[in-house]
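Here it is: the structure, laid out below.
Letters A, B, C and D mark the chains as written, and numbering starts fresh at 1 in each.
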Amino acid sequence: MTVAGQMLETYPKDLGGLDRQKLLECIEACFECAQACTACADACLSEDMVAQLTTCIRTNADCADVCGTTGRVLSRHTGYDADLTRAVLEACATACRACGDECSQHADMHGHCRVCAEACRRCEAACRDLLDSLG
Amino acid sequence: MTVAGQMLETYPKDLGGLDRQKLLECIEACFECAQACTACADACLSEDMVAQLTTCIRTNADCADVCGTTGRVLSRHTGYDADLTRAVLEACATACRACGDECSQHADMHGHCRVCAEACRRCEAACRDLLDSLG
Amino acid sequence: MTVAGQMLETYPKDLGGLDRQKLLECIEACFECAQACTACADACLSEDMVAQLTTCIRTNADCADVCGTTGRVLSRHTGYDADLTRAVLEACATACRACGDECSQHADMHGHCRVCAEACRRCEAACRDLLDSLG
Amino acid sequence: MTVAGQMLETYPKDLGGLDRQKLLECIEACFECAQACTACADACLSEDMVAQLTTCIRTNADCADVCGTTGRVLSRHTGYDADLTRAVLEACATACRACGDECSQHADMHGHCRVCAEACRRCEAACRDLLDSLG
(Lines give C-alpha, C1' and ligand atoms only; values in the text may rest on other atoms or scores of the structure.)
Protein backbone atom coordinates (compact mmCIF):
# COMPACT_ATOMS: atom_id res chain seq x y z
CA MET A 1 0.00 0.00 0.00
CA THR A 2 1.23 3.52 -0.72
CA VAL A 3 2.05 5.88 2.13
CA ALA A 4 -1.04 7.96 1.32
CA GLY A 5 -3.13 4.79 1.55
CA GLN A 6 -1.56 3.89 4.89
CA MET A 7 -2.27 7.39 6.19
CA LEU A 8 -5.96 6.97 5.27
CA GLU A 9 -6.04 3.53 6.94
CA THR A 10 -4.63 4.92 10.19
CA TYR A 11 -6.85 8.02 10.42
CA PRO A 12 -8.46 7.61 13.85
CA LYS A 13 -11.99 8.81 13.05
CA ASP A 14 -14.34 8.15 10.14
CA LEU A 15 -13.84 9.91 6.80
CA GLY A 16 -17.13 11.78 6.76
CA GLY A 17 -18.76 9.39 4.35
CA LEU A 18 -16.20 9.94 1.60
CA ASP A 19 -15.46 7.06 -0.77
CA ARG A 20 -12.05 5.97 0.50
CA GLN A 21 -10.78 4.61 -2.81
CA LYS A 22 -11.81 7.66 -4.83
CA LEU A 23 -10.36 9.92 -2.15
CA LEU A 24 -7.03 8.08 -2.22
CA GLU A 25 -6.84 8.15 -6.01
CA CYS A 26 -7.54 11.87 -5.99
CA ILE A 27 -4.93 12.65 -3.31
CA GLU A 28 -2.29 10.70 -5.22
CA ALA A 29 -3.26 12.22 -8.56
CA CYS A 30 -3.02 15.73 -7.06
CA PHE A 31 0.49 15.26 -5.67
CA GLU A 32 1.63 13.53 -8.87
CA CYS A 33 0.20 16.33 -11.01
CA ALA A 34 1.70 19.05 -8.79
CA GLN A 35 5.14 17.50 -9.32
CA ALA A 36 4.64 16.97 -13.06
CA CYS A 37 3.45 20.56 -13.62
CA THR A 38 6.35 22.00 -11.61
CA ALA A 39 8.79 19.94 -13.67
CA CYS A 40 7.04 20.72 -16.97
CA ALA A 41 7.16 24.49 -16.36
CA ASP A 42 10.89 24.15 -15.82
CA ALA A 43 11.43 21.83 -18.80
CA CYS A 44 9.57 24.30 -21.06
CA LEU A 45 11.88 27.00 -19.69
CA SER A 46 14.86 24.98 -20.97
CA GLU A 47 13.48 24.55 -24.49
CA ASP A 48 15.04 26.66 -27.25
CA MET A 49 11.53 27.71 -28.27
CA VAL A 50 10.67 28.96 -24.78
CA ALA A 51 9.17 32.14 -26.26
CA GLN A 52 6.37 30.00 -27.74
CA LEU A 53 5.75 28.16 -24.46
CA THR A 54 5.03 31.06 -22.09
CA THR A 55 1.30 30.31 -21.76
CA CYS A 56 2.19 26.67 -21.08
CA ILE A 57 4.65 27.67 -18.36
CA ARG A 58 2.13 29.95 -16.70
CA THR A 59 -0.64 27.34 -16.81
CA ASN A 60 1.77 24.76 -15.42
CA ALA A 61 2.66 27.05 -12.51
CA ASP A 62 -0.99 27.64 -11.64
CA CYS A 63 -1.88 23.96 -11.96
CA ALA A 64 1.06 22.97 -9.74
CA ASP A 65 -0.13 25.36 -7.03
CA VAL A 66 -3.81 24.39 -7.24
CA CYS A 67 -3.05 20.63 -7.29
CA GLY A 68 -0.67 21.00 -4.34
CA THR A 69 -3.28 22.81 -2.29
CA THR A 70 -6.02 20.36 -3.29
CA GLY A 71 -3.85 17.39 -2.31
CA ARG A 72 -3.31 18.97 1.11
CA VAL A 73 -6.97 19.86 1.66
CA LEU A 74 -7.98 16.29 0.71
CA SER A 75 -5.38 14.90 3.15
CA ARG A 76 -7.29 16.50 6.04
CA HIS A 77 -10.48 14.97 7.45
CA THR A 78 -11.03 16.65 10.82
CA GLY A 79 -14.12 18.86 10.78
CA TYR A 80 -14.91 17.91 7.18
CA ASP A 81 -16.62 20.68 5.18
CA ALA A 82 -18.31 19.46 2.00
CA ASP A 83 -18.70 22.97 0.55
CA LEU A 84 -14.99 23.69 0.78
CA THR A 85 -14.05 20.26 -0.58
CA ARG A 86 -16.35 20.80 -3.54
CA ALA A 87 -15.06 24.31 -4.31
CA VAL A 88 -11.45 23.19 -4.16
CA LEU A 89 -12.13 20.13 -6.35
CA GLU A 90 -13.91 22.34 -8.92
CA ALA A 91 -10.93 24.70 -9.02
CA CYS A 92 -8.54 21.77 -9.37
CA ALA A 93 -10.51 20.15 -12.19
CA THR A 94 -10.58 23.54 -13.97
CA ALA A 95 -6.82 24.02 -13.56
CA CYS A 96 -6.09 20.48 -14.76
CA ARG A 97 -8.39 20.91 -17.75
CA ALA A 98 -6.64 24.15 -18.76
CA CYS A 99 -3.17 22.71 -18.27
CA GLY A 100 -3.99 19.39 -19.94
CA ASP A 101 -5.38 21.25 -22.97
CA GLU A 102 -2.36 23.52 -23.18
CA CYS A 103 0.24 20.76 -22.75
CA SER A 104 -1.58 18.52 -25.26
CA GLN A 105 -0.86 21.08 -27.96
CA HIS A 106 2.86 20.54 -27.46
CA ALA A 107 2.76 16.80 -26.74
CA ASP A 108 4.09 15.73 -30.13
CA MET A 109 7.06 18.02 -29.87
CA HIS A 110 7.92 17.84 -26.16
CA GLY A 111 7.87 14.59 -24.20
CA HIS A 112 7.49 16.49 -20.90
CA CYS A 113 4.30 18.13 -22.16
CA ARG A 114 2.95 14.71 -23.17
CA VAL A 115 3.67 13.19 -19.74
CA CYS A 116 2.32 16.28 -17.99
CA ALA A 117 -0.86 16.34 -20.10
CA GLU A 118 -1.53 12.73 -19.10
CA ALA A 119 -1.02 13.57 -15.40
CA CYS A 120 -3.44 16.50 -15.77
CA ARG A 121 -6.07 14.31 -17.47
CA ARG A 122 -5.81 11.70 -14.71
CA CYS A 123 -6.04 14.36 -12.01
CA GLU A 124 -9.00 16.09 -13.65
CA ALA A 125 -10.79 12.73 -13.91
CA ALA A 126 -9.99 11.87 -10.28
CA CYS A 127 -11.36 15.24 -9.11
CA ARG A 128 -14.56 14.80 -11.16
CA ASP A 129 -14.98 11.23 -9.87
CA LEU A 130 -14.64 12.36 -6.29
CA LEU A 131 -16.95 15.33 -6.89
CA ASP A 132 -19.61 13.00 -8.35
CA SER A 133 -19.33 10.69 -5.35
CA LEU A 134 -19.98 13.59 -2.95
CA GLY A 135 -23.57 13.63 -4.22
CA MET B 1 3.14 52.06 -2.90
CA THR B 2 3.36 48.46 -1.64
CA VAL B 3 5.68 45.98 -3.32
CA ALA B 4 2.67 44.13 -4.79
CA GLY B 5 1.48 47.44 -6.22
CA GLN B 6 4.91 48.14 -7.71
CA MET B 7 4.97 44.66 -9.26
CA LEU B 8 1.63 45.35 -10.95
CA GLU B 9 2.88 48.75 -12.19
CA THR B 10 5.97 47.20 -13.76
CA TYR B 11 4.24 44.25 -15.45
CA PRO B 12 5.31 44.67 -19.11
CA LYS B 13 2.04 43.74 -20.83
CA ASP B 14 -1.57 44.65 -20.14
CA LEU B 15 -3.53 42.94 -17.36
CA GLY B 16 -6.17 41.30 -19.55
CA GLY B 17 -8.82 43.85 -18.70
CA LEU B 18 -8.70 43.20 -14.96
CA ASP B 19 -9.51 46.08 -12.61
CA ARG B 20 -6.02 46.90 -11.32
CA GLN B 21 -7.15 48.26 -7.95
CA LYS B 22 -9.45 45.33 -7.16
CA LEU B 23 -6.76 42.92 -8.31
CA LEU B 24 -4.17 44.53 -6.04
CA GLU B 25 -6.51 44.54 -3.05
CA CYS B 26 -7.29 40.87 -3.60
CA ILE B 27 -3.62 39.85 -3.96
CA GLU B 28 -2.74 41.66 -0.73
CA ALA B 29 -5.77 40.29 1.12
CA CYS B 30 -4.84 36.74 0.06
CA PHE B 31 -1.26 36.92 1.31
CA GLU B 32 -2.37 38.65 4.52
CA CYS B 33 -5.03 36.01 5.15
CA ALA B 34 -2.64 33.15 4.37
CA GLN B 35 -0.31 34.46 7.05
CA ALA B 36 -3.09 35.12 9.57
CA CYS B 37 -4.59 31.64 9.12
CA THR B 38 -1.20 29.94 9.47
CA ALA B 39 -0.56 31.89 12.68
CA CYS B 40 -4.10 31.31 14.00
CA ALA B 41 -3.86 27.53 13.52
CA ASP B 42 -0.68 27.60 15.57
CA ALA B 43 -2.07 29.95 18.22
CA CYS B 44 -5.12 27.67 18.65
CA LEU B 45 -2.67 24.80 19.05
CA SER B 46 -1.12 26.63 22.02
CA GLU B 47 -4.44 27.24 23.79
CA ASP B 48 -5.21 25.09 26.85
CA MET B 49 -8.59 24.32 25.30
CA VAL B 50 -7.05 23.04 22.05
CA ALA B 51 -9.37 20.03 22.11
CA GLN B 52 -12.28 22.39 21.45
CA LEU B 53 -10.48 24.17 18.63
CA THR B 54 -9.69 21.28 16.29
CA THR B 55 -12.21 22.27 13.61
CA CYS B 56 -10.86 25.82 13.78
CA ILE B 57 -7.28 24.59 13.30
CA ARG B 58 -8.24 22.44 10.34
CA THR B 59 -10.22 25.24 8.68
CA ASN B 60 -7.32 27.62 9.28
CA ALA B 61 -4.92 25.19 7.60
CA ASP B 62 -7.13 24.84 4.53
CA CYS B 63 -7.76 28.58 4.30
CA ALA B 64 -4.02 29.31 4.56
CA ASP B 65 -3.32 26.93 1.67
CA VAL B 66 -6.15 28.17 -0.55
CA CYS B 67 -5.35 31.86 0.08
CA GLY B 68 -1.65 31.26 -0.59
CA THR B 69 -2.40 29.57 -3.90
CA THR B 70 -4.96 32.24 -4.86
CA GLY B 71 -2.48 35.02 -4.12
CA ARG B 72 0.06 33.32 -6.39
CA VAL B 73 -2.39 32.67 -9.22
CA LEU B 74 -3.53 36.32 -9.09
CA SER B 75 0.12 37.48 -9.18
CA ARG B 76 0.47 35.95 -12.68
CA HIS B 77 -0.92 37.65 -15.78
CA THR B 78 0.77 35.90 -18.72
CA GLY B 79 -1.77 33.94 -20.80
CA TYR B 80 -4.64 35.03 -18.55
CA ASP B 81 -7.42 32.43 -18.22
CA ALA B 82 -10.69 33.86 -16.89
CA ASP B 83 -12.19 30.42 -16.14
CA LEU B 84 -9.29 29.44 -13.91
CA THR B 85 -9.22 32.82 -12.18
CA ARG B 86 -12.94 32.53 -11.46
CA ALA B 87 -12.71 28.95 -10.13
CA VAL B 88 -9.82 29.82 -7.84
CA LEU B 89 -11.54 32.97 -6.55
CA GLU B 90 -14.71 30.95 -5.83
CA ALA B 91 -12.70 28.39 -3.86
CA CYS B 92 -10.92 31.15 -1.96
CA ALA B 93 -14.15 32.98 -1.09
CA THR B 94 -15.59 29.65 0.13
CA ALA B 95 -12.53 28.90 2.27
CA CYS B 96 -12.53 32.42 3.75
CA ARG B 97 -16.24 32.22 4.50
CA ALA B 98 -15.81 28.90 6.31
CA CYS B 99 -12.77 30.08 8.26
CA GLY B 100 -14.25 33.49 9.07
CA ASP B 101 -17.41 31.82 10.40
CA GLU B 102 -15.43 29.34 12.46
CA CYS B 103 -12.99 31.90 13.91
CA SER B 104 -15.86 34.31 14.68
CA GLN B 105 -17.26 31.79 17.12
CA HIS B 106 -14.08 32.07 19.21
CA ALA B 107 -13.43 35.78 18.67
CA ASP B 108 -14.57 36.84 22.14
CA MET B 109 -12.32 34.35 23.82
CA HIS B 110 -9.25 34.37 21.60
CA GLY B 111 -7.76 37.55 20.16
CA HIS B 112 -6.03 35.61 17.39
CA CYS B 113 -9.38 34.22 16.22
CA ARG B 114 -10.81 37.76 16.16
CA VAL B 115 -7.91 39.14 14.09
CA CYS B 116 -8.00 36.09 11.79
CA ALA B 117 -11.78 36.31 11.31
CA GLU B 118 -11.37 39.94 10.22
CA ALA B 119 -8.64 38.96 7.73
CA CYS B 120 -10.91 36.21 6.36
CA ARG B 121 -13.84 38.64 5.97
CA ARG B 122 -11.66 41.15 4.12
CA CYS B 123 -10.26 38.44 1.86
CA GLU B 124 -13.67 36.97 1.11
CA ALA B 125 -14.96 40.45 0.23
CA ALA B 126 -11.93 41.15 -1.97
CA CYS B 127 -12.43 37.85 -3.83
CA ARG B 128 -16.14 38.57 -4.38
CA ASP B 129 -15.37 42.13 -5.53
CA LEU B 130 -12.85 40.88 -8.04
CA LEU B 131 -15.19 38.11 -9.17
CA ASP B 132 -17.99 40.66 -9.74
CA SER B 133 -15.66 42.87 -11.77
CA LEU B 134 -14.79 39.94 -14.08
CA GLY B 135 -18.34 40.18 -15.45
CA MET C 1 8.33 4.29 -14.51
CA THR C 2 6.74 6.85 -12.21
CA VAL C 3 5.58 10.19 -13.56
CA ALA C 4 8.46 11.94 -11.74
CA GLY C 5 10.86 9.53 -13.44
CA GLN C 6 9.30 10.22 -16.83
CA MET C 7 9.60 13.96 -16.22
CA LEU C 8 13.32 13.56 -15.53
CA GLU C 9 13.76 11.42 -18.67
CA THR C 10 12.11 14.05 -20.87
CA TYR C 11 13.94 17.08 -19.47
CA PRO C 12 15.50 18.59 -22.63
CA LYS C 13 18.89 19.62 -21.25
CA ASP C 14 21.38 17.87 -18.96
CA LEU C 15 20.81 17.71 -15.21
CA GLY C 16 23.90 19.68 -14.17
CA GLY C 17 25.83 16.59 -13.17
CA LEU C 18 23.30 15.44 -10.58
CA ASP C 19 22.95 11.71 -9.94
CA ARG C 20 19.64 11.02 -11.69
CA GLN C 21 18.63 8.08 -9.51
CA LYS C 22 19.36 9.85 -6.21
CA LEU C 23 17.60 12.95 -7.48
CA LEU C 24 14.51 10.96 -8.43
CA GLU C 25 14.41 9.15 -5.09
CA CYS C 26 14.69 12.45 -3.27
CA ILE C 27 11.95 14.15 -5.30
CA GLU C 28 9.59 11.24 -4.66
CA ALA C 29 10.48 11.04 -0.97
CA CYS C 30 9.82 14.77 -0.57
CA PHE C 31 6.33 14.67 -2.11
CA GLU C 32 5.49 11.48 -0.21
CA CYS C 33 6.65 13.01 3.07
CA ALA C 34 4.81 16.29 2.42
CA GLN C 35 1.59 14.31 2.04
CA ALA C 36 2.24 12.08 5.06
CA CYS C 37 3.04 15.04 7.32
CA THR C 38 -0.06 16.96 6.20
CA ALA C 39 -2.19 13.88 6.92
CA CYS C 40 -0.44 13.15 10.22
CA ALA C 41 -0.99 16.69 11.52
CA ASP C 42 -4.68 16.24 10.79
CA ALA C 43 -4.86 12.72 12.24
CA CYS C 44 -3.23 13.96 15.47
CA LEU C 45 -5.85 16.71 15.52
CA SER C 46 -8.55 14.03 15.56
CA GLU C 47 -7.04 12.08 18.46
CA ASP C 48 -8.75 12.38 21.84
CA MET C 49 -5.36 13.17 23.37
CA VAL C 50 -4.73 16.06 20.95
CA ALA C 51 -3.54 18.23 23.85
CA GLN C 52 -0.49 15.97 24.16
CA LEU C 53 0.23 16.06 20.44
CA THR C 54 0.57 19.79 19.82
CA THR C 55 4.33 19.72 19.26
CA CYS C 56 3.85 16.81 16.86
CA ILE C 57 1.21 18.74 14.90
CA ARG C 58 3.41 21.80 14.64
CA THR C 59 6.45 19.80 13.55
CA ASN C 60 4.30 17.97 11.01
CA ALA C 61 3.10 21.28 9.58
CA ASP C 62 6.64 22.62 9.19
CA CYS C 63 7.92 19.38 7.71
CA ALA C 64 5.05 19.28 5.19
CA ASP C 65 5.90 22.81 4.04
CA VAL C 66 9.66 22.26 3.85
CA CYS C 67 9.33 18.91 2.03
CA GLY C 68 6.82 20.40 -0.43
CA THR C 69 9.16 23.27 -1.26
CA THR C 70 12.18 20.95 -1.49
CA GLY C 71 10.31 18.62 -3.87
CA ARG C 72 9.52 21.61 -6.09
CA VAL C 73 13.04 23.05 -6.04
CA LEU C 74 14.46 19.61 -6.94
CA SER C 75 11.96 19.30 -9.81
CA ARG C 76 13.60 22.32 -11.51
CA HIS C 77 16.89 22.03 -13.38
CA THR C 78 17.16 25.21 -15.47
CA GLY C 79 20.03 27.43 -14.29
CA TYR C 80 21.00 24.93 -11.58
CA ASP C 81 22.44 26.54 -8.42
CA ALA C 82 24.34 24.09 -6.20
CA ASP C 83 24.39 26.47 -3.20
CA LEU C 84 20.63 26.80 -3.16
CA THR C 85 20.11 23.07 -3.68
CA ARG C 86 22.43 22.35 -0.77
CA ALA C 87 20.78 24.85 1.58
CA VAL C 88 17.29 23.56 0.80
CA LEU C 89 18.37 19.92 1.23
CA GLU C 90 19.96 20.77 4.60
CA ALA C 91 16.75 22.44 5.76
CA CYS C 92 14.71 19.47 4.56
CA ALA C 93 16.93 16.91 6.29
CA THR C 94 16.67 18.98 9.50
CA ALA C 95 12.87 19.18 9.27
CA CYS C 96 12.56 15.45 8.55
CA ARG C 97 14.88 14.62 11.44
CA ALA C 98 12.83 16.73 13.85
CA CYS C 99 9.51 15.34 12.63
CA GLY C 100 10.74 11.75 12.47
CA ASP C 101 12.02 12.02 16.06
CA GLU C 102 8.77 13.55 17.27
CA CYS C 103 6.48 11.10 15.47
CA SER C 104 8.60 8.13 16.61
CA GLN C 105 7.68 8.94 20.20
CA HIS C 106 4.01 8.30 19.40
CA ALA C 107 4.53 5.44 16.93
CA ASP C 108 3.40 2.71 19.32
CA MET C 109 0.19 4.48 20.12
CA HIS C 110 -0.74 6.05 16.80
CA GLY C 111 -0.39 4.21 13.49
CA HIS C 112 -0.32 7.50 11.57
CA CYS C 113 2.71 8.65 13.56
CA ARG C 114 4.45 5.36 12.78
CA VAL C 115 3.80 5.65 9.04
CA CYS C 116 4.75 9.32 9.07
CA ALA C 117 7.98 8.69 11.03
CA GLU C 118 8.99 6.12 8.39
CA ALA C 119 8.31 8.60 5.59
CA CYS C 120 10.39 11.23 7.42
CA ARG C 121 13.29 8.79 7.89
CA ARG C 122 13.25 7.86 4.20
CA CYS C 123 13.10 11.50 3.16
CA GLU C 124 15.90 12.51 5.50
CA ALA C 125 18.07 9.67 4.15
CA ALA C 126 17.26 10.63 0.55
CA CYS C 127 18.21 14.26 1.23
CA ARG C 128 21.49 13.23 2.87
CA ASP C 129 22.28 10.82 0.02
CA LEU C 130 21.71 13.50 -2.56
CA LEU C 131 23.71 16.02 -0.52
CA ASP C 132 26.63 13.59 -0.31
CA SER C 133 26.53 13.02 -4.05
CA LEU C 134 26.79 16.77 -4.71
CA GLY C 135 30.38 16.60 -3.47
CA MET D 1 -0.36 47.57 13.43
CA THR D 2 -0.25 45.05 10.56
CA VAL D 3 -2.23 41.82 10.74
CA ALA D 4 1.00 39.84 11.19
CA GLY D 5 1.87 42.12 14.11
CA GLN D 6 -1.57 41.63 15.65
CA MET D 7 -1.21 37.86 15.28
CA LEU D 8 2.08 37.99 17.20
CA GLU D 9 0.49 40.18 19.90
CA THR D 10 -2.37 37.73 20.43
CA TYR D 11 -0.28 34.55 20.51
CA PRO D 12 -1.27 32.99 23.85
CA LYS D 13 2.13 31.72 25.01
CA ASP D 14 5.62 33.22 24.96
CA LEU D 15 7.64 33.33 21.74
CA GLY D 16 10.52 31.13 22.91
CA GLY D 17 12.82 34.06 23.52
CA LEU D 18 12.70 35.31 19.93
CA ASP D 19 13.12 39.04 19.32
CA ARG D 20 9.51 39.99 18.49
CA GLN D 21 10.39 42.95 16.26
CA LYS D 22 12.98 41.04 14.21
CA LEU D 23 10.60 38.09 13.93
CA LEU D 24 7.79 40.31 12.67
CA GLU D 25 10.02 42.04 10.14
CA CYS D 26 11.21 38.69 8.87
CA ILE D 27 7.68 37.24 8.56
CA GLU D 28 6.53 40.28 6.60
CA ALA D 29 9.64 40.33 4.40
CA CYS D 30 9.14 36.64 3.57
CA PHE D 31 5.51 37.03 2.46
CA GLU D 32 6.34 40.21 0.55
CA CYS D 33 9.26 38.52 -1.21
CA ALA D 34 7.21 35.40 -2.01
CA GLN D 35 4.67 37.60 -3.78
CA ALA D 36 7.29 39.71 -5.56
CA CYS D 37 9.18 36.64 -6.84
CA THR D 38 5.98 34.97 -8.07
CA ALA D 39 5.05 38.16 -9.92
CA CYS D 40 8.59 38.69 -11.26
CA ALA D 41 8.78 35.16 -12.70
CA ASP D 42 5.55 35.88 -14.54
CA ALA D 43 6.60 39.36 -15.66
CA CYS D 44 9.86 37.93 -17.08
CA LEU D 45 7.74 35.37 -18.91
CA SER D 46 5.90 38.24 -20.63
CA GLU D 47 9.07 40.00 -21.78
CA ASP D 48 9.98 39.72 -25.48
CA MET D 49 13.47 38.68 -24.41
CA VAL D 50 12.17 35.80 -22.25
CA ALA D 51 14.82 33.47 -23.71
CA GLN D 52 17.48 35.52 -21.91
CA LEU D 53 15.56 35.47 -18.61
CA THR D 54 15.15 31.74 -18.01
CA THR D 55 17.63 31.57 -15.13
CA CYS D 56 15.91 34.56 -13.56
CA ILE D 57 12.50 32.89 -13.86
CA ARG D 58 13.78 29.69 -12.30
CA THR D 59 15.49 31.50 -9.43
CA ASN D 60 12.33 33.53 -8.86
CA ALA D 61 10.26 30.35 -8.67
CA ASP D 62 12.58 28.78 -6.10
CA CYS D 63 12.81 31.96 -4.05
CA ALA D 64 9.01 32.32 -4.02
CA ASP D 65 8.64 28.78 -2.68
CA VAL D 66 11.39 29.06 -0.07
CA CYS D 67 10.17 32.48 1.17
CA GLY D 68 6.58 31.23 1.35
CA THR D 69 7.60 28.23 3.43
CA THR D 70 9.88 30.33 5.65
CA GLY D 71 7.09 32.85 6.29
CA ARG D 72 4.83 29.99 7.36
CA VAL D 73 7.40 28.30 9.59
CA LEU D 74 8.13 31.66 11.30
CA SER D 75 4.39 32.20 11.85
CA ARG D 76 4.31 29.14 14.10
CA HIS D 77 5.59 29.24 17.70
CA THR D 78 4.19 26.11 19.35
CA GLY D 79 6.97 23.68 20.28
CA TYR D 80 9.65 26.03 18.94
CA ASP D 81 12.69 24.24 17.47
CA ALA D 82 15.75 26.49 17.09
CA ASP D 83 17.58 24.03 14.79
CA LEU D 84 14.74 23.96 12.29
CA THR D 85 14.27 27.73 12.44
CA ARG D 86 17.97 28.22 11.76
CA ALA D 87 18.10 25.77 8.85
CA VAL D 88 15.05 27.32 7.21
CA LEU D 89 16.40 30.86 7.67
CA GLU D 90 19.75 29.82 6.15
CA ALA D 91 17.98 28.35 3.12
CA CYS D 92 15.85 31.48 2.77
CA ALA D 93 18.83 33.84 2.98
CA THR D 94 20.59 31.71 0.34
CA ALA D 95 17.56 31.77 -1.99
CA CYS D 96 17.13 35.54 -1.56
CA ARG D 97 20.83 36.15 -2.19
CA ALA D 98 20.70 34.11 -5.42
CA CYS D 99 17.50 35.75 -6.62
CA GLY D 100 18.58 39.26 -5.62
CA ASP D 101 21.86 38.82 -7.50
CA GLU D 102 20.11 37.47 -10.57
CA CYS D 103 17.36 40.13 -10.65
CA SER D 104 19.92 42.91 -10.05
CA GLN D 105 21.52 42.08 -13.38
CA HIS D 106 18.27 42.99 -15.15
CA ALA D 107 17.25 45.87 -12.89
CA ASP D 108 18.17 48.61 -15.36
CA MET D 109 16.14 47.03 -18.11
CA HIS D 110 13.15 45.62 -16.24
CA GLY D 111 11.38 47.51 -13.49
CA HIS D 112 9.95 44.28 -12.05
CA CYS D 113 13.46 42.87 -11.61
CA ARG D 114 14.49 46.06 -9.81
CA VAL D 115 11.52 45.91 -7.40
CA CYS D 116 12.01 42.16 -6.88
CA ALA D 117 15.76 42.53 -6.24
CA GLU D 118 14.98 45.09 -3.53
CA ALA D 119 12.46 42.73 -1.92
CA CYS D 120 15.04 39.93 -2.01
CA ARG D 121 17.69 42.15 -0.40
CA ARG D 122 15.31 43.18 2.38
CA CYS D 123 14.28 39.57 2.98
CA GLU D 124 17.86 38.31 3.01
CA ALA D 125 18.78 41.03 5.52
CA ALA D 126 15.76 40.23 7.70
CA CYS D 127 16.67 36.52 7.72
CA ARG D 128 20.29 37.29 8.64
CA ASP D 129 19.17 39.72 11.37
CA LEU D 130 16.86 37.13 12.87
CA LEU D 131 19.54 34.44 12.59
CA ASP D 132 22.06 36.66 14.41
CA SER D 133 19.56 37.32 17.19
CA LEU D 134 19.08 33.58 17.75
CA GLY D 135 22.61 33.46 19.13
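Methods note: a contact is a pair of C-beta atoms (placed from the backbone, for glycine too) under 8 Å apart; a residue touches a chain by one contact, two chains touch by 3 or more.
Heads up on the chains, UniProt names are A, B, C, D = Four-helix bundle copper-binding protein.
A quick note: this is a predicted structure, and the numbers were derived from the prediction, not measured.
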{"item": "Chain pair with the higher count of C-beta pairs in contact (A-C, A-B)", "value": "A-C"}
{"item": "Far-end chain from chain A, centres as C-alpha averages", "value": "D"}
{"item": "Centre distance in Å when chain A and chain C are each reduced to the mean of their C-alpha atoms", "value": "19"}
{"item": "Mean-CA-position distance for chain D and chain A (Å)", "value": "27"}
{"item": "Chain B: positions in contact with at least two other chains", "value": "41-42, 45-46, 54, 57-58, 61, 68, 72, 76, 78"}
{"item": "Of all residues in chain B, those that touch chain D in their complex", "value": "3-4, 6-13, 27, 31-32, 34-36, 38-43, 45-47, 64, 68, 71-72, 75-78, 110-112, 114-116, 118-119"}
{"item": "Contact set on chain A toward chain D in their complex", "value": "41-42, 45-46, 48, 50-51, 54, 57-58, 61"}
{"item": "Complex interface listing, chain D residues touching chain C", "value": "54-55, 57-59, 61-62, 65-66, 68-69, 72-73, 76, 78-79, 81, 83-84, 87-88, 90-91, 94-95, 98"}
